[in-house]
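Chain IDs A, B and C follow the sequence of writing; residue 1 opens each chain.
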Amino acid sequence: MADTPQAALDERVKDISPIRKALIRPELGGIIGTVAVFTFFALLAGSSGMFNAQGIMNWTTVSAQFMIIAVGACLLMIAGEFDLSVGSMIGFAGMMVAIFGVTLGFPMWMAILITFAICLACGWLNGYIVVKTGLPSFIVTLATLFILRGFTIFIPQTVERKTIIGGIREAAEGDWLAPLFGAKILGGLFQWFGDIGLIAVFERGNRAGQPVVDGVPMLIVWAIVLIVFGHLLLTRTKFGNWIFAAGGDAQAARYVGVPVNQVKILMFMFTAFCATVFAVCQVMEFGSAGADRGLLKEFEAIIAVVIGGALLTGGYGSVIGAALGALIFGVVQQGLFFANVESSLFRVFLGVILLLAVILNTYIRRIITGER
Amino acid sequence: MKFVKTMVAAVAVAAAPFAAAADGHADLNYVLVSHAPDSDSWWNTIKNGIALAGDQLGVNVEYRNPPTGDLADMARIIEQAAAAQPDGIITTLADFDVLSGPIKAAVDQGIDVIIMNSGTPEQVREVGGLMFVGQPEYDAGLAAGMRAKGDGVESFVCVNHVISNTVVAERCRGFADGLGVDLGDSMIDSGQDPAEIKNRVTAYLTANPETDAILTLGPTSADPTILAVKEMGLDGDIYFGTFDLGTNIVEAIKDGTIQWGIDQQPFLQAYLPVVVLANYDRYGVLPGNNINSGPGFVTKDALGKVEEFAGEYR
Amino acid sequence: MDPIVRMTNIAKHFGSVIALNGVSVDVFPGECHCLLGDNGAGKSTFIKTMSGVHKPTSGEILFEGTPMSFANPRDAIAAGIATVYQDLAMIPLMSVSRNFFMGNEPVKTIAGMRFFDHDYANRVTMDEMRAMGINLRGPDQAVGTLSGGERQTVAIARAVHFGAKVLILDEPTSALGVRQTSNVLATIDKVRKKGIAVVFITHNVRHAMAVGDRFTVLNRGQTLGTALKGDITPEELQDMMAGGQELATLEGSLGGTV
């Protein structure tokens, strides 16, 4: 085809400089926001311990939590759907681990696998109902939100007469699967950091001499793995193209043979998977499951995704952007504590960031996609 | 670009409250971490208590809480507080499994920790806290139950607005044991929304007309329950006791709707730890035991000061 | 020459509604077969039957001489019958190359995993678009930045690239301006010259006359016969579409340009 004569350049398509082109991408809003937020807190809370090892681990862990659920919410939102049941799913999944692993005394690995199976089934059901009835996923998953939260309170009350079930850490002792969610890695490296004085060590108690940060929790590893997986899936695979297509215009995608329904159902299941990972990491770390865990997390996930540049109506977005959105969210939430700001102002700050991010993202997106 | 200017201006406006909050460092910095969601008004007394103690002693005390009441978020806040290296942390121990790890880590870093409000003396010892300031919940419930039994109560409903808080549920268990009845289905999960609480109480009392007594666990559940009882015309007729005080509760005690309120004196739970920590840090003095801030029964006869400071310091 | 698609006596009922009632059409390779009809004449039902969306209630479809029954549009696409729908051809938020390969993504295997081959997709997209006379800023340019005519052209180029033997175009020109229409018509001409059968659905007689080789008019679910180019005047076509004479008087006052 090389010998085909060049068609006349369309004079209405403006030339765009390479620098501008490299800058104009879905993640731009997230990148700008991240830089702004870090600058802000470096100035305001730089001396407060926010950027010592322990402080960094604190907001990194909180951000990693948001990232795990944001990756799922991001892919689902790009595929054109919402899942409002994420928060309830977190509470429910944690409770399932506790019920099976502690109350019923199953081996922990079995409790975890059963929990994953149940939650993936819930995700599948969400997707199946949305796809088959054509109802807005907003409504369907809102129903799931209430149903799962109700069970999360009802089941432990019925079997244990209380709403917090503890003893999970003890039950997980020596299990082969539990460390995948609850362990910390690179302990040796951090011990060495502590020994050479790079990070602070405990001054007293039976952990005296150990570094205050004794490893990277699996929660963070999961966050990184899920981000890399989600990013590659979305941008580098055939299936990723189908996700964009399903959310961009489901009918157009169907006409060219994209299995839109399966894509959406799988994304609902992936979102449920992410919520379950979040929950299992949480119960393994804290050792108990509570009926109020995960409250409002669905909105936090959606906020992170939107800060990261995804379009609420689907078909556009970026996993990296969502991860940056989650980072911004986590840093702001914890950073305000470090900066000694009245905690009720957190919401004000979050609202402002959300608004600025959405305005900036809309502007960037219009440049890229020619939306009018 | 106009757009950028707008953004800069907006950030400047958003940043304004921080400038004020960031200065004013005193020589001693304490953090109080609660488990209560933003919507729980009872903790206002706690905020006032630490503010007053901070002013009087010339120390800085911050109040922090998980906005939704999620205890896992609370654990992160304790970790964060420890990372900021304050001189002391005052925290509740609403769930030992979740909070013991972060609290122990803070203690091991050399930060003094006082447990207030929720927790048991044994748990406080285990996490390495200096002391416990609060009301032993089961004992308070038990005392209330025995008092009610003396007044001729045989059955009751416990209106629980924090169903996920096991410590608070101990109050109901203690009350049932004090009465000598089985808790059974007497505890209802009322939720946090006033209208829902009111409707559920009404529904319960309609379905179980033989109920002798109502026990509410705080202003969140008591205020709508007062309305429900009045609407059903049961005020003064049904035996009504509540934990904690608030403006509406005091009014209801005055007009006879509520027989008694159990005051765990939250002001002391906030004020005393600050005093204890400040004196410990300055002069090395420490009381030798836990401090019981409650229970104190507030009845119609002793309402003067309570009424004056209800919701503020009482 | 044998027709590539022969549809005989096709009927399609939706419950009590008779959408098609005995339609017969032959489509030959390398021709542009115009299907004309007013709104509600059954054009959409007919092309959906041809492209495998609907199964006919009765009648026979021969594709390359053998009876065909498509279970779904994917089967039809695999057999070589591609359809370009008017508004649903492209996803505006996605890049041209992602759109081009939507549903037919090229994959390359790296370390045992199958990845979308972006290099190949970008290269092919640029080449194919250049061949159709559209110069893209880049393969990652979003379709939303293209004009309506360009979008139709991308969709047509996509169908041709993936081996369409029969290309069904559902009113490709109805929402376009003059210049974009002529671009799309030029594209149709290029496709026809490659030996592909084009089924061009329109209600605009002048657009049909510009590129059509043969003309079939649908009215109230029935065919009113097929005419070759040169055997029929635009006015006659217009009359047949209207199903009678009622337009004739109007037309005089409008100068015959409806």
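Before moving on, here are some points about what is shown:
What we mean here is this: a residue touches a chain if its C-beta (ideal position, glycine included) is under 8 Å from a C-beta of that chain, and two chains touch if they have at least 3 such contacts.
Just so we're clear, the structure is a prediction, and the values are computed from it rather than from any experiment.
In terms of inter-chain touching, the protein chains here are arranged end to end in an open line. Top-ranked chain pair, ordered by C-beta pairs in contact, is A-B. Averaged Cα coordinates give chain A a centre that lies 43 Å from the centre of chain C. The mean-CA centres of chain A and chain B are about 32 angstrom from one another, to the nearest whole unit. Centroid to centroid, with C-alpha atoms defining each point, chain B and chain C lie 71 Å apart. On the chain A side of its complex with chain C, the touching residues are 1-2, 4, 6-10, 13, 15-16, 21, 232, 235-238, 240-242, 244-245, 248-249, 251-258, 311, 315-316, 368-371.
Residues of chain C that touch chain A in their complex: 73-74, 77, 83, 85, 88-94, 98, 101-105, 107, 114-116, 118, 127-128, 130-131, 133-135, 137-138, 142, 144-146.
On chain B, the positions that touch chain A within their shared complex are 3, 7, 10-11, 14-15, 17-18, 21-22, 38, 62-65, 67-72, 75-77, 79-85, 95-98, 101, 104-105, 107-110, 128, 163-166, 169, 189. Across the complex, chain B is touched by residues 36, 40, 44-45, 48-50, 52, 54-55, 57-59, 61-62, 153, 157, 162-164, 166-169, 200, 202-208, 212, 282, 285-288, 290-296, 334, 337-349, 352, 355-356, 359-360, 363 of chain A.
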